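Read through the structures below before going on.
Two complexes are shown next, each including subunit A; its partner changes from subunit B in the first to subunit C in the second.
For the complex of A and B:
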């Protein structure tokens, strides 16, 4: 009787539930199934137990991709958020036209397609006549082949990624800054607090929830880094990862296994390993936050 | 209207209605994106129109795809049962496509064709499509043999006589050193992509010992040739531009008279030709020198036309034979000045005298296949990355030539054993 009463409600939820099940639950379940099978997408899948997981974890490319990723995260997340925070403070200090101008200017790279961003930076990094090397030349510094020197490739990518993502984080932090009551700053000023002290004791604590979001989001995005290094290193299944794999990242490695080597089972296992890492990272972030709140 | 005429009208209408869906046969035709734009697209549309006129009720829908989209789309299409009916791709991905069931075995249809048709195709190209006597997985389409583009201004500034191209690797290396001494770059960095490593191997190594033995899971590379390969990278390291052969930066260096040699397929010619008009670039193209006089290096490969298994296979085969047939390949060659796998078209006097084709036909004769044998096994990802990594390691002086060769062969065999 009760079920019949709620039938219209269930009917309203049904389209979403059907779409959710078809395009979200089913692919996850089928991916999980295939992660235990040797499967090339066409022939019948053969159960192989944990062999795909073992094959991924024991491969040289996985080790390389993960070590690149760890270094990339360790630099990109704190540096990217610091840059975005600096930009947010800068834009917040302007009013009217200039505020809008800087907000738009810094946000512009966010809306650029990755292809364009990578193309622009490939030109900028070009040896000899790229803009970056031209600037180095003005100071009599030697030309650097940023996208071929294994010592500079990762940092070249980090600069592009920070350029691309800083605007997004800036807008979020800026919204957080707007929410901080101005009278707190006035009271601090009356008490003789310097600008730095105001940031240290008012801005950062008041922005804590926003910073938590930005840091968590930054981690998750960094774990999934794919398009810019893919495009910077040749954007093809035969040339990705760059010189000596210095720009090889897990998602690229996974794509290569799926469509380059046609090992869908192994790629599915890779996907679940990455998912597990993302879950662990996110849980660690929430755990740290809870611990801090308890203190 | 009498009853009889009314019945006749009804019968005619019914037969039309019944015939309609049967006759309308739509073929999905996937090509590389550069075949689906500009003049190339216009010519493709001409072929399609001609074929449709000769086969009423058949409609061909052409779609251009990027290299990776083409492969991933065909692999995903095979998995989901929505393969295009007829499509292009590169020989190098043939084994993956066979593995997923994207390519029909065309042996019987090929054998049913008149001898005259079969004789049109380049024998080596056709052999590449046929991994076993009873298997044929493709028809050769466009292709390339690498040639060496030379910037004559750079060479003249380095005091090099440009009238006689270097005949051997040693002569070529001497010229590279002179170019570097004149403050310019000799070559792109040949260690960056698999194809340029293969290209360098074809210059200094034994071309019969290149590729993979899929039965034994071993590389065919031998220590002697591989040592020469490593030594070539060590020798070229201080002379190169640090850019990949495929980078726009490499073309820019060539156009701005900073780079002497660019060993690559003929597809860069339109860019260089335009630069010769715009900025007076002085360049030519010659055969890639070989290890010894009379031999030459460089790699070759083909784009292929494949047909998917399925209900449209017969008509798709007919379309494939139409577009790869001499008359169409002639028109292609004239339009693009590009080599293709139809030997009859290539030897047509009007086409054979086109400079780029003349040189390409010659180059293909000497060049090594990029990833032989085709349609037998897929080169695993590690094979390609090991090749470029160890080559880079040798160029970075992490290994001597002998150590690099040993390391490369050992790592390649480990990769294949997995």
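For the complex of A and C:
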């Protein structure tokens, strides 16, 4: 009787639940299974225990991808969020038309698909005739082969990355700024607080939850960086990562193992290793926040 | 007193000038690469733009002929239709299937609701790297590689979309729904004739965000539709841009510009909704 009463509810949820189970829950379970098997997609899978995890972690490409990633994250997350925060403050300091105008202008790169940003910048970075080198030439600086010089490749990527994503974080931070009551600033101003003090003692603490989200989300997406370095360095399953693997990142390495080397078990194990890292980091972030809140 | 006042004013003026200069400079940096792309496309043939960058396009006809060339002599147009179909079908699926589930999750109680809802919300935190390879293997096993359903179906059960619609539908007027039920309307009719029309705003926002996301999706089509017949715009752009494609910069940028047009047009029309949708995904995530 009860089941009958709930039947219409289940009928409405069923399509979503079925798709969710098929294309999310099942893949996670099967991925876990494959991660313990050696499988090339054709021959029967052979159980190999932890060998896939071992061969991922002990490979040179993994070490290289991870060290690239750490450096990339260490620069791109704080820098990207500082830039976005600065943009949000700047837009917020304008009123009416100009506020909207600058918000739209700063936001414009976000609406381009990342693959387009990568291809535009790839040409702007071109050696000798590229736009960036031409601008360097105005200042009598030597021409740089940005995407082939191991000293500049990572920074070239980070520049594209910040160009693409700063506007996204800006919009989220702007929404947070709008939620801060104006009279707090009013009171601080009457007490003689400078603009910088107002930012330090009102804006940042009031914005803490939003900043927390932006940092966590920024880290999680940085860990999964793929399209832009993939397209900047070669865009095929046999050529990627750039010169001496200076732009090799974990997801690229994982994709290469799956579709270049056709070792699906190893690629599945790779995915779980990356997920573990993301979970550990996120837990650490939440732990840190709880610790600070208790103080 | 008076001098202090003027000093304060002078400070303010300096601050305001700095602010404007800074904002304008950043706006140029943000917009210029896109503007540069347009300039490269609409430049006179044979004039390498990067060596002599102009601040404005010089030849409308040259740009149009490049666009014409790309649309007629390459597979670009087919990729365009495939990507539009991919985006539209995904939007329809996300909206229809997501809104049905959101309707139940937001307004009703039934055994198992908490469990399903919890699992879906948990999935928001699971990075896509862990599912992408096994989902590909599943799709391959089903024989869906290089098909439209292979592109579309795995993306329909969007946890983010569900979450967004639930947030919105929670505020739907329960009295109206009760009144309709007393009038003998069936469950599905209440959803279709009351909940859906009232949720139009959230649905439009979700549709736009889903469009931007599918149009810009590079990774999934790359692995699930590797055959040139089913290439999406992203893959064709990648092809044009491949290191050994031997295309000149203006041809590549024309291909890029064509790929950029739909999102640019969407942005011009739906600016507010896009920004609100992103702001919401951030502040509530």
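Here is the rule we use: the second predicted complex is superposed on the first by the 282 of 295 C-alpha atoms of A that agree within 3 Å, B and C clash if a C-alpha of one lies under 4 Å from a C-alpha of the other, contacts with A are read in each partner's own complex, and residues count from 1 in each chain.
The definition used in the following text is that a contact is a pair of C-beta atoms (placed from the backbone, for glycine too) under 8 Å apart; a residue touches a chain by one contact, two chains touch by 3 or more.
No experiment lies behind these values; they were computed from the predicted model shown.
Steric overlap between subunit B and subunit C is present once the structures are superposed on subunit A. By the touch criterion defined above, A:245 lies against subunit B but remains apart from subunit C after alignment on the C-alpha atoms of chain A.
In the superposition on chain A, A:282 makes contact with subunit C only, while subunit B stays out of contact range.
Shared-chain residue A:105: touches subunit C; no touch with subunit B.
By the touch criterion defined above, A:95 reaches neither subunit B nor subunit C.
Looking at the shared chain after the overlay, A:41 reaches both subunit B and subunit C. Look at A:61: by the touch rule set out above, it reaches subunit B but stays clear of subunit C.
Once the two complexes are overlaid on the shared chain, A:129 sits against subunit B and subunit C alike.
By the touch criterion defined above, A:4 reaches neither subunit B nor subunit C. Which of subunit B and subunit C touches more residues of subunit A: that partner is C. With both structures placed on the common chain, the touch criterion links A:259 to subunit B and to subunit C. Residues 41, 122-123, 126, 129-130, 234-236, 239, 259, 264 of subunit A lie in contact with subunit B in one complex and with subunit C in the other.
Taken together, the subunit C residues at the contact with subunit A in this complex read 15, 19, 22-23, 26-27, 29-31, 33-34, 36-37, 48, 50-51, 53, 97-98, 100-101, 103-105, 108, 110-111, 113, 116, 119-120, 123, 125-138, 140, 153-154, 156-157, 159, 162, 186-188, 191, 212, 215-219, 223, 234, 237-238, 240-243, 249, 252-253, 256, 259-260, 263-264, 266-267, 271, 274-275, 278-283, 285. Across the complex, subunit A meets subunit B through its residues 40-43, 55, 59-61, 122-123, 126-130, 145, 148-150, 234-239, 241, 243-245, 256-257, 259-262, 264. Residue ranges of subunit B in contact with subunit A, taken from their complex: 67-68, 71-72, 75-76, 78-79, 92, 96, 99-102, 189, 191-195, 241-244, 246-249, 252-253, 256, 258, 378, 380-382, 384-385, 388-389, 392-393, 418. Looking at the complex, you find that subunit A touches subunit C at residues 6, 8-13, 15-17, 19-20, 22-28, 30-31, 34, 41, 87, 90-91, 93-94, 98, 102-117, 119-124, 126, 129-131, 134, 163, 167-169, 171-172, 174-176, 179, 195, 210, 213-214, 217, 220, 223-224, 226-227, 230-231, 234-236, 239, 250-251, 254-255, 258-259, 264, 267-268, 270-272, 274-275, 278, 282.
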